[in-house]
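Some structures are shown below for you to check.
Each of the two complexes below includes chain A, the first together with chain B, the second together with chain C.
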Partner chain A sequence: MTMCLAQSNAWAGIDVTRHLFLFSPILALILTMLAIVACPIIVGRSAKTIGAVAVMGIIASFILALRVAGEVSEGGVSGLSTLPAAGLLLVDNLSIAFQIILLAFMGGVTYLWWMGSSDSEENAPEFFILLFGSAVGMALMVSTSNLLMIALAIETASLPSYAMVGFDKRDRRGAEAALKYLIFGAISAAIMLYGISLLYGMSGSLSVSVVAKHCIEALATGHDLVITMVGLMCLLAGIAFKVSAFPFHFWCPDAFEGAKVEVTTWLSVASKSAALILLARLVMVFCASISAPEAIGILSPLAWGIGIMAVMTCTLGNFAAYKQTSVKRLLAYSSIAHAGYMLMAVAVFVHPNSEHSQDGISALLTYIAIYMFMNLGAFGVVSMVVWDTGSDKLSSFTGLLRRAPLLAIPMVVCLMSLVGLPPFAGFIGKWWILVALGQLNNTLGWFLIIAAVFNTLISLYYYMRIVVHMTLRDDGQPALSFPLGGVALVNLCAIVLLAMFGLAQPMKTTSEQFTRNIFDTTTVAKTAVVDAATIQPIESVQR
Partner chain B sequence: MWLALVVTGGIDPLNRIDIAMNTLTIIVFLPAMGALLCLIAPKPMIRSIAVLTSLVTFLFSLTLFSIYFGSDAGTSADVFGSTYGALHHVIRLPWITTDSINIEFFLGIDGLGFPLIILTTLVSFLSCWASWNMEKWKIGKGIRAYFILFLLLETGMLGVFVSLDFFLFYIFWELMLLPMYFLIGVWGGERREYAAIKFFLFTLAGSVLMLIALVAMFFYSGDAIAQAGGEVASAYQENVTLTHGTFDLIELATNETIQAYFSSPVTRFLSIKFAPLMFAFLFIGFAIKLPIVPFHTWLPDAHVQAPTPISMILAGVLLKMGGYGFLRLCYPIFPTGAEFWAFTLAVIGVVSIIYGALCAMAQSDFKKLVAYSSISHMGFVLLGIAVMTKAGFQGAMFQMIAHGISSPMCFFLVGVIYDRAHHREINRFGGLWMTMPKYGTMATIGFFASLGLPGMCGFIGEIWVLLGTFDAGSKYPWAYTLAIIAAFSVILTAGYILWLIRRVYLGKEKEEYAGFSDVSGREIMILAPMALLALVLGIFPMQTVFDFTNGTLDLVLAHVTNAISMIP
Partner chain C sequence: MEHIGLTHYLIVSAVLFCCGIFTTATKRNAIGILIGVELMLNSTGINLVAFDRYMGPGRLDGQIVALFMIVLAAAETALAVGICINVYKNLSTVDVDSASQLRG
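On to the complex of A and B.
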C-alpha cells in the first residue's frame, strides 16, 4: 500500500490529513456504521443502546460537517474542476450544504424511530446499518463528478434502501414493495451502467467534465450525436429513477406505502434530494463546459428534456394523488410532484459567467431544506396516527382536530406549506424556483412557471382532502394517544415552517453562500480531489 | 424584536421599529395582535377581546381622516396632490433583498385605499359583534379558533388595501384564504364542506394567474430598465435609481420607461402581446373575487353556507378587493390592455348585472337572493370601470362602498330571521313587519338601499355608472347600447326586491312566527350604523365618499387615458 502510494505521483503534494478532514462527515458515518456492527458483540442488541450509538454518530458527523462548512464558506475549498483530471471525490460548498441537511434530517428520522420502534424493534443494529449505509451513499452522490463514483454512490444508496423497505419480513406488503423497488432499481442501474459505458467509450474518460465537453462537441458538430445522446439519456434514466421522475416513478408509491413510516420519511426526502443535487451538479458541469455565454443555447435540448420531465412528473404526481385513500400513498405521490418542482430548478441551464448562475441551484438547496421540514412534520403526524390506530387510511384521520389538536394543527401547517400557500415556508421555496425560472426569461422558463403555478392549484384539492377529514368531519372516533416527544417534533416542524417564511431573506443569503463558488473554475488548485490515480490504472489495464 | 431585526434586513433594529410604528402598520397588525391575545386568554373573555380589538381597530382607522384636515386640508385632490402616487402614511422597509430582487414592506394610503380601509374596519367590527351569540357557542365549541381566524382574516383584508408592493399584496391576498376556508367550512351550514373548498379553489385559481403576472411584471420591468441602459430614475421618489425590476405598484404604473416597454406591441410574453395578456391574468384573478359572470359560481354557495357574520365580511369586504385590484393594478399598470379589452369587459359587466338580477329573482332561498343581488351590483362596478370615464370610475368606487354597507346589512337581516325561524324559505315567511315592527323598518331601509332608491346609497353608484357609460359613448359607440340595457336592469332589481319585501314582510301575520321577539338591543346597534350610513351616503355623496376618492380616481383615469392616447 505504501509502495503504491509512493509510486503514484498523483498523490504527490496532496495533504492527506486535510483531505481526511474534508471527508470526515462521511468517514464518521462509516465509523458509526462499523461501531453499530460491533455493538451486538460487545454490549448487546438492545434497541436503545444501538439508537444511542447512532444518535452520537449522527451528532458527531453533523458537527464535523459544520466545521468543514466553516472552512468551505471562507473560500478555502471550492470549485468544480473542469480539468480532465477531475477526481473521484470532491468537497465543495454544495456537497457540504447537502450533507448538513441530510444529517439534520437523519437526526429527525432517528428521533421518529426512537419514538415509535425503540421499544419493540428486535433488529435495531441491522436497521441502523442500512440507514447509515444509504446515508453514506447519498453523501457520496453529491460529492462527486465522476461517472464511476456516481454509479457506485447510487448503488450504495439504493441497496440498503431496498432492504429497509422490506425490513419487517412478516409484513407481506413491505416484502412486495421491496421486491418491486429492487426490480426497478436493478433495471435502472443496469441501464445507467450501460449509458456510462457508452459515454466512457465515446470520450475515453469517466470524468463528467470531459464527457460534457465531448457531448457539447457532438451537439455542435453532429459527430457521434446519436450514441452520445443515448448514453446521456441512459445516465439520466438512472438518476431519474432515484428522483422518481416520470416515467421512472412507478416504484415510488408502492415502496412508500409498504415501508414503515420512518423509512418512507427517509426515502421521500433524502434519496430524492441527493439525486437532484447530483443531477444539478451534472447540469452545472455541462454549463461550465460551454466556452462563451452566448453558446449556452446549444444545451437547450437538454434543458427542455429536463424541463418537460419536470412538468410531467409534477402533473402526474398531482393527478395520481387525487384518488388515494391511504395517506402514506397520497404523500408518496405528493413527493413525486415535489420532485417535479425541484427538477424545474435543475432545468435552469445558465452559463457560469452569467449574473444569475447560481439562482437555480440555490433555489433547489432552499427548497430541499424547506421540504425536509414539511415532510418530516407531515410524516411525523402520519406515523403517530398509524401507531395508535394501526391504519394510515384517510378515515383514521377523521376528526383529528378534536382527537388530537396538537397533531391536527401542525399537520394543517405542513400540508398548506406543501401546497405552497403563504405565510408558510413552502411558498418561499416555490418562489425562489419561480424567480430562477423567470431570470431565464425564455420560453422554457415561462412555460415551467405556468406549469408550476397550475400544479399548485391542482395539488390544493388532495391536500385539502386530508384537512377536510381532520377538521371538518368527525365520526366520533376515540381520542388519540401519542408520545409527547413526537408531538414536540411535529409542532417544531410547523413553527420552523412559519419562521422560515419570515426568515426568507437570511435563508436565501445562506443558500447563496453555499452555492457561491461552485462554478468557480479558477480555484481548481484548491479543489479537494483524490486525484486521477484511480482512473489511470483502468486505462493502463486497457492498454 | 430580534425577529423584526432579521425580517427587516438587519441594520439598526430600534430605529427600524420606530419607523415601523406607522399608523397603517398598527391598523393592519392590531387584529393579529388581538388574535394572539385570544390564543392565550381564558375562554369566557375571548369574545370581548375580539370585539374590542375590532372596535379599537375601527376607531384607530378613523384617525386616518386627519390627513384630510391637516395643513393641506380639503378633498383628496388637495391632499394627494396632482400626481398619481402621492401617498400618505408611507412606510417602506426592505424585506427580502438579494442582488437582483428587492421586495419591500411598503404600505401607503391614497384615495383608493382610504375609503376601503374605513369600510373594512367598520364591517369587521360589526360582524365581529354579530358573532357574539352564534348558535354554536351554546355548545361551547370552537369559540377560540373562530375569533382567532376572524381577526387574522381582518389583518389579511386590511393588508391588501394598503400594500403597495406587489409581492406583499400577494401575500396578504393569500393570507385571507385559509382563515376564510375554515370560517366557512367549520362554522357554516349544511353543505359547508363543498362551499368552502369551492371558494378556496376558485380564489386560488385566480391567485395563480396573479402569481404568473407577479413574476412576469417583475422581470419585464427589469428588461425595460436594462434596455434603457440599466439605470432609470424613479418616477416619484427623489434620489432613487432603479437598476433592476421592481414590485413597487406605483413605480410600475408611473415610470415612463417601464410603461413604454409594457405597452409596446413588440413586447411579447410567449409570443402573445404583453399588456393585454397580463391585464387578462390580473383581471381574471380579481374578477373571480368580484365576482363576475362566468366566475361567480362560488359566491352563492359560499355566501349561503357561511355563517351570517362571515357572509357580511364576504359581501362587505372581500368582493371589494376585486374592484380595488382593477383600480390599483390592472388599469394603471396596463392601460393599453384596458383599452384592448374595454368592450369585452363592459359586456361582461352588463351580463353580470342582468344575469345576477334574473337569478336573484328566481331564488326562493332568502340568503341566495341577496348573494345573487351582489353579483348584479358588482356588475355595475365592472361596467363603470370598463368604460373609463370620470363618472364611471367614481360611480364604481361609490358602488363598492355603498354595496359594502347595504349588503352586510341585508345579510345580517337574513341572519336575524334565520336565528329565529331556522329556515330561509322566502315563501314560508309573511307578515313579519306586523310581528317585528323594528325589524321590518330596518329591513326596508336595508333592502331599499340595495334596490337603489333615490336618496339611498345604492342609487348614487348606479346612476353615476350609467352616466359614465353614456358619457363613454363619445369614444365607444357601443357604450350607449350597453348603458340602455344596464339601465333597464333597475326594473329587474326593483322587481326582485319589492317582490321579496311583499312576500316576507307584508301581508297577514302568520301563526308560526307570532311569538318571535323583535330585534334585540345588540342587533339594533349593529343595524343602526349601517342604516344610518345607507341614508347619509345617499343624501351627501360628495361629503361622505366622493371628496375622499375623486382626486385619486381622476388621476388614475387621467393616467390611463393619457397612456391610451399615446397608442399610435
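On to the complex of A and C.
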C-alpha cells in the first residue's frame, strides 16, 4: 500500500534514462530556474541578460517537449514507477500537448515582459523565478493522477502566482490584489486538502483511479455516500478556484486588475487551462472506472454539477463585464466567461467505449490553443496602451484606429475572435465544443448548447463597445508611441487567428491525435491497481 | 471503558476544520484569517494520520502526505506574511476591509 516510490523493488525494471527523457521539458524548466538564481552572482542583474537566459530555457524546454511528443504520440504512458496508476507522475499525449501550448505561451509572455521592461528594471531574476516556478506547477498539474501530486502541483502553481500579482512593491493596488488572491487561494487550498484527506481515508489510496472506483461504488450503493461526496466536492472546489468557476471566482477580477499586464496575461490563460485539463483528466478517470457503457448515467449528478457550474460561470462573467470601464478588468471577466465555455467541454461525460469518447477533450485542447493567441494579442495591445498612457480605462482606447492603426486592427481581430465570430479562430473553438455537446444528445447537452449560444450573444455587446470606442469615436488624443517588437507580436497573434480558421481541419486532426488513447491510459490505470480490495475493515485493526 | 477509535479523531479534526472555516469567515485581520487557514490545514493532518493508524497495518501514504502538508503550510505562511507586510507598508493596516480599491 505504500507509495511506489518508497518501495525498493519499484525501481526494478525502470529505464531511468527514458523516464528522465520523458520528463525533460519539466526538468529543463527547473534547471533554467536554477540558472536564473545563479545569474545575478555571475553575470549581474541586467534585465536583458536574465531575459535571454529565460528565453533560452523556454526554447530548450519547447524543443524537448516536441521530441517527447513524437515519442508518446501513439498513446504512450509512463510513470515514475512500474504501475502507471500508482506513479506520482505520468506522461501522455494530453500532458505533453498542454506543455507545448504552455511553453509557447510562456515565450509570448516573456517577450511581452521584455518589451515592457526598461533598463532600470532591477527585479528581473525574481520575476522569472516566479514565472518558471508557476509554469513547473502547471506542467505538473496536467501530468499526474495522484491526489498528493495534484495538491502539490496546484500549490506550486499558486504560490508564485500570489507573489507575481503583488510584484511591484510600491503599487497599492498590486498589494491589495495579492492579498485578496492569497486569502482566497489559501482557504480553497485548505478545503481541497481536507477533501483529499477524506477521499484517501475512504478509498485507501491516493491514486485517482482507485478513488474514482470508490466514488462510483458509493454513488451506486449509497454506502459511505455523504462523506465521500463531501471529500469529492472539496477537491472539486479547490480545482474550481484555479479555474475561477462560479462560486470561487471572486479573486479573479481583483487579482487581474491589480497585477501588471504581463502577469495578468500569464494567469488568465495558463493557470486556468492547466486546472481545466486537470479537471478533464479527473472526469476521464471517473468515466473509465464505469464498467458498462449504459451505466454512465450514474455519473449524471457530477456531470450536471459541472455543467451548471459552467453555465453560471459563463453567464456571470458576461453580465459582470457589461459595466466595466477598465479594459483589464473587462478582459478579466471575459476570461471567467471563457473558463465557463471550456468547463462545458469538460462536462461532456462519455464512456470510453462510446463513439464520441474524445470529442470533448479534443475540443477543449483546441480551445485552449486558440484562446492563448486571442488573449496574448488582446492583452498585448492593452499593455502597450498602458505603457504609453498609463491608464487601462476605456477612454484611453478612444480613437485608437487613428492613433495607432497597427494596434487597433489586431485588437479588433482578437476581440471578434473572443466573441466567436466566423472568420476568426475563436469560432472554431466554440463550434467544436458545441458539436461535442450536441453529440451527447441528452438534456444536459442541449441545455449547455442553449446557454453557450445565449452567452455568446450577450458577450457581443461588451466586446463591440471596445471596438466602437477604438474605431468610431475620436476625442483628439495624441498618437500613441509603441515598441515595434510589441506591434509585431500582436499582429502575429491576429494573423495566426485568421490562419487557424483556414487550417481548421488540420488542427482538428492534430488535437485528435493528441487526445487519442487517453482513455486507454486511464483503463490501464484501472486494471493495474486492485489493491483497494485489500483494505481491512476498520473494526478489525483497532489496536 | 471505551477505546478511542477512528471516529473520535475524525470528530476532533472536523471540529478543528469548522473552527478554521469560522475564523476565516469572521476575522477581518489578514493574520487572523491565515491562522484560520492553519487550523484547517492541521485538521487535514489529523485526518491523514488517523486514517493511516486505523485503516490497515503498514499504511504510510497518509503520513507521507501529512509531512508534505506541513512543508506546504510553512511555505504558504512565509509567503503570506511577506504579502501582509507589503500590504501593511502600503495601506498601514492589514484589515482586509480596508483593501477596497479594486471593486466592481
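Operating definition for what follows: the second predicted complex is superposed on the first by the 499 of 543 C-alpha atoms of A that agree within 3 Å, B and C clash if a C-alpha of one lies under 4 Å from a C-alpha of the other, contacts with A are read in each partner's own complex, and residues count from 1 in each chain.
The rule is short, and it goes like this: a residue touches a chain if its C-beta (ideal position, glycine included) is under 8 Å from a C-beta of that chain, and two chains touch if they have at least 3 such contacts.
Being a predicted model, the structure only gives us computed values, none of them experimental.
K.L.:
Classify the contacts of A:Gly107 with the two partner chains as first (chain B alone), second (chain C alone), both, or neither.
P.N.:
It touches nothing on chain B or chain C.
K.L.:
With both complexes overlaid on chain A, does A:Gly201 touch chain B (first), chain C (second), both or neither?
P.N.:
Second partner only, chain C.
K.L.:
Using the superposition on chain A described above, determine whether A:Pro40 touches chain B (first), chain C (second), both, or neither.
P.N.:
Once the two structures are laid over each other on A, A:Pro40 reaches no partner at all.
K.L.:
Comparing chain C with chain B, which touches more residues belonging to chain A?
P.N.:
Larger number of chain A residues touched: C.
K.L.:
Could you say whether A:Ile183 touches chain B, chain C, both of them, or neither, answering first, second, both or neither?
P.N.:
A:Ile183: touches chain C, not chain B.
K.L.:
Return first, second, both or neither, reflecting whether A:Lys323 touches chain B, chain C, both chains, or no partner chain.
P.N.:
After superposition on chain A, A:Lys323 lies in contact with chain C alone.
K.L.:
May I ask you to decide whether A:Gln505 touches chain B, chain C, both, or neither, giving the answer as first, second, both or neither?
P.N.:
first
K.L.:
Quick one: is A:Asp254 in contact with chain B, with chain C, with both, or with neither? Answer first, second, both or neither.
P.N.:
A:Asp254: touches chain C, not chain B.
K.L.:
Give every residue of chain A touching chain B within the complex, in rising order.
P.N.:
Listed in rising order, the residues are 355-356, 416, 421-423, 427, 434-435, 437-439, 441, 443, 446-447, 449-450, 453-454, 456-457, 460-461, 464, 468, 471-473, 499, 502-506, 508-509, 512.
K.L.:
Under the stated contact criterion, what part of chain C meets chain A in this complex?
P.N.:
3, 5-6, 17, 20, 24, 30, 33-34, 36-37, 40-41, 43-44, 47-48, 50-51, 54-62, 64-65, 68-69, 72, 75-76, 79-80, 82-84, 86-87, 89-91, 96, 99-104
K.L.:
Of all residues in chain B, which touch chain A in the complex?
P.N.:
Per the touch definition, chain B meets chain A at residues 3, 6-7, 9, 95-101, 170-171, 174-175, 177-178, 182, 185-186, 192-193, 196-197, 200-201, 204-205, 208-209, 211-212, 215-216, 218-219, 223, 269-270.
K.L.:
Under the definition above, what is the set of chain A residues touching chain C in their complex?
P.N.:
So the residues of chain A touching chain C come out as 1-3, 6, 147-148, 151-152, 155, 159, 162-163, 166, 169-173, 175-180, 182-183, 186-187, 189-191, 193-194, 196-198, 200-201, 204-206, 253-254, 257-258, 323-324, 326, 329, 534-536, 538, 541-542.
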